[in-house]
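The following pair of complexes shares a single chain, chain A, combined with chain B in the former and chain C in the latter.
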Partner chain A sequence: MSTAQATKNCITLKGSAQIIVEYLKYGINSILFQRGIYPAENFDNTQQYGLTILMSKDPKIMSFLQNVLTQTEEWLSKNMINKISMVITNAHTKEVLECWDFKMQAEAGDGVEAGDPSKQTSSKQLSRIQNEIRDVMRQISATVSYLPLLDCICTFDVMIHTLQNTEIPAQWNETGAVFIQNAQAVQLRSFSTGLQKVDTVVNYKMSS
Partner chain B sequence: MSQFNFVSDLQNALVMDGDTRGPAPRWKKKLEASMNGSANTTRSVLSVSYNTSFSGVQAASAKTPGKSSDAKAKKSMTTPSKTPGGGDRFIPNRAATNFELAHFLVTKEAANNSDDENDEPSSSNGNNNDNNVQASAHKSELQKLIAEAAQVGDSAKSGRILCYQNKAPAAPESHTNPLKVVYSLKTPISTKSGSRYIPTTSERILDAPDFINDYYLNLMDWSGDNIVAVALGNCVYLWNAASGSIEQLNEYEEGDYACALSWIQEGQILAIGNSTGAVELWDCSKVKRLRVMDGHSARVGSLAWNSYLVSSGSRDGTIIHHDVRSREHKLSSLSGHTQEVCGLKWSTDFKYLASGGNDNLVNVWSLGSGGVGTAPEPLHKFTEHQAAVRALAWCPWQTNTLASGGGTADRCIKFWNVHNGSLIKSVDSKSQVCSLLFSRHYKELISAHGFANNQLTIWKYPTMVKQADLTGHTSRVLQMAMSPDGSTVISAGADETLRLWNCFAPDPLAAKKVANVNSNAKKSVFRQSLR
Partner chain C sequence: MDEIRSSLDNIMARFNDSITHSAPKKLVFDRLSMSFNDDSVVTVPKKRRINDNDSLNGSLNTSLNASNTSLSNSFNDPAGPWQTRKLRAELIETKAVVAQLQDQLAQQAKDQMAAVAHAEAKADALKEQCDYTSAKLLDLEKQLQVARKREHSARQEINRAQAEIEEQKLKFESALTQAAQEKLQLEDDAREVQHCISNELSEYKRMSERLELQLDANKNELNRIRRRHDEYKANSASYDKLQMDYELQQQSLDTANARIKELEFEIQSYNDWKEVTKTSQARLLSVPELQAEVDRLRTHNKHLNTLIGDKLLLEEKVHDYKTRLDREEGARAEAAALQVKLTHVEQELKEWIKVAQDHCLANTLVSPLALRTRIEQLLQDDIVRVAEKGSADAESKKTQAALLELQQQCAVYLKNIEDMNVVLKRHKSFRERLQRKLLIVCKERDFYKQLLENFDKDMTMTNASTAEMTNDMQVRYRVEVLERTLTGYKEMCSTLEREMQTMRQQESLNEPPVNDNGYDGVKRELDTLRLENDRLRRRKDELELELEHRCLRGDFNMGNYKVLHMSENPASEAYEATKNVVEKLQAEIVRLKHRNKKLEDESEQTQTGGGGGGGLTMNFKEVNQLRAELESANGRLKKMKECFKAASKEFRDVCYMLLGYRIDRVGSNSHYRISSMYAESPDDYLSISVNESNCLALLESPYSQTLKPAIDQQLAANNSFPAFFAALTLELFQRATVTIT
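So, the complex of A and B:
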């Protein structure tokens, strides 16, 4: 009886990674639309978290995100990621204009089996997590009112800050950190799956 | 004595550890501020922004994020151009020098040294030693935090940064950011001349000092008895549109204010939602408060009447139906919104209630089973808007059509069929939509906008062809109301003016035609009776 209840509502590290990757997928697409980086015609409505979120239907962007996020999920489920940065750059000058940081923090979960991280579980309700994510998503769409206009042809990239001992998979490169000159940072709400906490921060260039 | 002071000052100066006597260095103050700020932000606050000019190695040393630093940055950027490269002098570029980071690195070294020499004779006191240990522990913690913030931690410790080789494509060259309309100021586009003449200047301008510039409040309404109620600051005034006389209805105590005004369909009863969360009913012919109906835990920003029922939407996200006749006024409470309800309208046939909130939702509630109030669950939940929805209007000639307009991040006017819950049409208005009204004489609607032109736009419905832009407000237009005869629209702007626009005046020719038809009909009746 008690075991049945325990298994009914628990999130493992793998599930937590799935939730976060799903958030990243919708979050990044929402940023691409809300910041006007790609033409609005190339987006489609979907319903998620009780919100309408616009998702890119450009096949290149979709496959890029698919590849990146699959790898991210693998690393996340081993708690190997410190931070994921979505970097928006001017396509011509390569200047970094904006950087969305998703900072990952491991949390103790229920702390029953603290010894083995892969067996940790969290009993946080999925609906509660999704409500937290929804609040962050709303804030992302509200950032339009204070972020500066990206008045140039832009592109974006996703950089994953991992642990030092991470092996570099095929088709991946190691790069340096990016810096934004004269930056301003705004922290949005956070959400947590019980095992991992995600802070969303937007860094942008102050217009001179 | 003074020489002792001097010696002790000297000693204090020599002690590298512990608190410095002078004002704390800028980076320290900033870090503290930012840490306090971020501690607050994690849960609730949207954007306590803090200046992290130390986050980039090359970041400018923005002294203050105000005008002065801008001016400084500009200056230093222009100087190198004056002296072409290859000059014989080294002129440091202040903007590119990161003083805070440099200072941090210097003090870090110094602190490390003094850690080693903790038993320096100048701090020989036993208590002091203890303090020093504590202080240095505190300091190392602090430095770790700063290092993290400045992204210059030991390079060996920090992890790898990986990225995928096949990059995402850049936007097509022809693409221009659609958000440009939000940021750039343009002269109003010449609009297609419609089939009728619409005066584009306001007929009359009234002063409205202290009109609260808050997107979430509804501070003006025009009654069927031709009286405009408007809240200015913490007072409510009545302006008789026929005689032009002004009367003060009430004045709230310091700190309180009216948040929503709504007239009953007929008569002189005004409902006022106030900042304490209560709904007040006023008899304006006697300037007397009739009753106060509480129930909300936060300010009431929207109100809507349906005969003896007044519905109130509040910042706490609930909508309450009050029966104004009975002692137990609270009929039901609807919780379909998670944030402030800022738009509330009963349909023209009073069968549906539409509500818009800061959570970007539009909810449509159908009439309750008993015919009083509404069902506890919304009939439709429209999530398509990307910003707060305040502007709501029901079409008077198609009772199932609802128009809604979104805020700055959305800028769309959307039309909904509430019978089947489908989106009929969506138009990008290129500006924040603050208010919407349908005309009663023409198949047209008028929308009120904010930045960039602060205009009122008249659209043909259903084609949504722009008929006219009515400009004049110098700040966003917050509220609109229509005169009882439907010919005049009054708009309240954040520029603290009320403007009257005679934009829906019935066509005199059309009126004549109708009169002719009527008289013809009468004649024919006459003839019939003669036969």
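So, the complex of A and C:
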């Protein structure tokens, strides 16, 4: 993102992927904190997007997210991802309680990188994108007010919906899509980098 | 005291004087007052005054009378008016003088009263003072007596103290003389001691001289010894050196010995070697022979080796041939089998060819390819047919389902028709009822109309007939009433007509579908509507399913994507952890169950002995109960002990008093100390021990030594302890009584 901006003040697909991955990092950490999946003392304050976001200090979670997000960035920069799901499950019964979907949609940019017509660029201001992301983050924080209370020991997983022809890297494996019985879906705001649009949807199990 | 008394006497005298002086004054005063009103009779001053006044008045009256008389006299007098006037003025003047004098008199009386009161008060005060002073005087006299007594006692004490002092003086003087004597004695002693000391001193001096001599001798000796010591030191140094040398020599000796031993060993080994060399020499001598033999043996060996090699070669060849033979035989059998198979196959082939010829087209070449194509064609046909059959089955099923559905619908419709028919019947009956009602209402209306007309007729008739004015009012009133009823009836009529109309309208509304033609149309419409409804319902179900699907999947076209996740994710870790925890807990549960069972078994075992019970709580109860029992038992034991102690003490006391002996047990072994009541001292006791054969034995003690004759007489002779003790008691008692008397 920074390199793309520094040189041409335009965003390439790689930069777009970086922005989205950064959003995912903060978003997932924020959800982990807001939904109380891990105890609050395992989190640290960080300033990002003009907001205070709590990031997990747990080395296991940090390394897991690091691994997942680097792979995600790679796929995103090739537009191979349909959506990314963060699934919250009951640790005992393995029942899926919540599913946060981050749907990716490719968009046509308004510029073309020199010499390669297939590489499009976007001239959207970074500050505008970050403002949009901030609004989404605010909404994520606000979801606590209506999402059902998670009163059991919960855990989470990140599932990536990629194209069928994607090669499965080491330490990754294929799994099935998750279903929530009696689900309710709420769509939050979207943001766009000019090349990719990200919709954030939370699916949760109705309490009764 | 005397002074005080004299002063007091003076005061009293003065007081009395004042009293005595005041009396004449009073007298004087009286006299004065007496002198003041000379002629009045004096009993009480006040009265007197009134009397005075009376007298004055009287005098006045008299004077007035006199004046009057004088006046009258003056009138009579020839003296004239001037004189009378003058007399009058004089009279007035005298009157004023009289009043003035009277005032003065009153003033003086007042003064006198005040003076008397003052004097009385003064007298009272003086009396009080006199009392006070007399009391004080008495007190002082008492004090004086006390002081005198004290003085007397003090004098006695002084006398006593002087006597004591003299006594002490005597004592001290005697002590002084004694001390002087002692001093003299001490001086004598000191002199003696001085003599002794001087004697001793001279002796010591002599001894010291002797010792000095000895010291000199010792010193000389010491020097000598020192010299000798030095010599010895030198000797010891040389001795050390010698010892060192000796040790060195010893060491060298040891090494030499070792060397000698080594050498001996070498010598022995050399001898051995010698023998060995001898034998080897002997052997060496026989070497050529041996070599010859070796050569011979070698050649022999070679020969044998070649023989063995040949034999091995032959064996190998034989084995080879054997295997070849086996293989050959197997091949031959196989070949036979193959030939048999071949013939079989040829026959089969012929059959196949025949089959092919049968199945292939006549003009085409008979070949497996053709047959295959034929078979494939057949299979394809078969597949097509199967597919057709499946579709047909599906269709038939569908049609059956549709049929069932239609039948159900048909049943539903029939039911509906029946319902409708019932409704229709009900409507018809309802219509009939309404029509009947309508008829009734119409009749009623007609009747009311008739009634109205009748009333109208009545009215006209009454108007015509009743011309007279007497009944006019009555009639009018009646008319009004009737008119009112009439309007009421009219209203009723109109409402009924309206109702009728509405009824008719309703009938007209109900009427049209009742005809048969309309019913069919409605039925058709109903059917179509029902079909539409079903269709829409199905569509709705489909849409709901789709919606649910969408909700569950979260998106469409999920088949185009695959879901990936990291194999090491927090969820799987958490599942593993929970699984482990659950397993651990289950293992723990099993373990605890075992433990529980074991404990239960144990408790059952323990309880079977104690008659069983309600488990742990029962045990606790029992324990508590037992504890309480134990406590009560302990308390009882304590009480018993105290009781026994008291009883034993009493018993012992009684025994002591009755028999005169106290028996104490000494120590743990059966020793007894027996002390008599009449013993001269507490140390006078006898020791007795009981041995294993329950026999008493008197032990020897300082006291028993003194009773030797009694012991000899009673114990040794009679062997009776009671007799001995009785004799002893008697003796001691007599001794005690003798000493007392």
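We adopt the following convention: the second predicted complex is superposed on the first by the 193 of 208 C-alpha atoms of A that agree within 3 Å, B and C clash if a C-alpha of one lies under 4 Å from a C-alpha of the other, contacts with A are read in each partner's own complex, and residues count from 1 in each chain.
What we mean here is this: a contact is a pair of C-beta atoms (placed from the backbone, for glycine too) under 8 Å apart; a residue touches a chain by one contact, two chains touch by 3 or more.
Note that the structure is a prediction, hence the values are computed from the model and not measured.
Bringing the complexes onto one copy of chain A puts chain B in a clash with chain C. Once chain A of one complex is fitted onto chain A of the other, the partner contacts of A:45 are limited to chain B, with no touch recorded for chain C.
In the superposed model, A:101 lies in contact with chain C only, and not with chain B.
Looking at the shared chain after the overlay, A:124 reaches neither chain B nor chain C. Applying the stated contact rule after C-alpha superposition, one finds that A:188 touches chain B and leaves chain C untouched.
When the two structures are aligned on the shared chain, A:25 is found in touch with neither chain B nor chain C. In the overlay built on the shared chain, the residue A:36 is in contact with chain B alone; chain C does not reach it. In the superposed model, B is the one of chain B and chain C that contacts more residues of chain A.
Of 361-369, 559-567 or 685-693, the chain C stretch that intrudes into chain B once chain A is superposed is 559-567 (criterion: clashing C-alpha atoms).
Residues 60-61, 64, 67-68, 82, 91, 153, 155-164, 166, 168, 171-177, 179-180, 183, 185, 203 of chain A are contacted both by chain B in one complex and by chain C in the other. The part of chain A that touches chain B in the complex is made up of residues 34-40, 45, 47, 50-52, 58, 60-61, 64-65, 67-68, 71, 82, 91, 138-139, 141-142, 144-146, 148-151, 153-164, 166, 168, 171-177, 179-190, 199, 203, 206, 208.
Here chain B touches chain A in the complex through residues 38, 41-44, 46-53, 55-60, 62, 65, 70, 73-74, 151, 156-173, 175, 177-180, 182-184, 359-360, 383-384, 386-387, 408-409, going by the rule given at the top. Residue ranges on chain A touching chain C, taken from their complex, read 60-61, 64, 67-68, 82-83, 85, 87, 89, 91-92, 94, 99, 101, 103, 153, 155-164, 166, 168, 171-177, 179-180, 183, 185, 201, 203.
On the chain C side of its complex with chain A, the touching residues are 551-555, 558, 560-575, 577-578.
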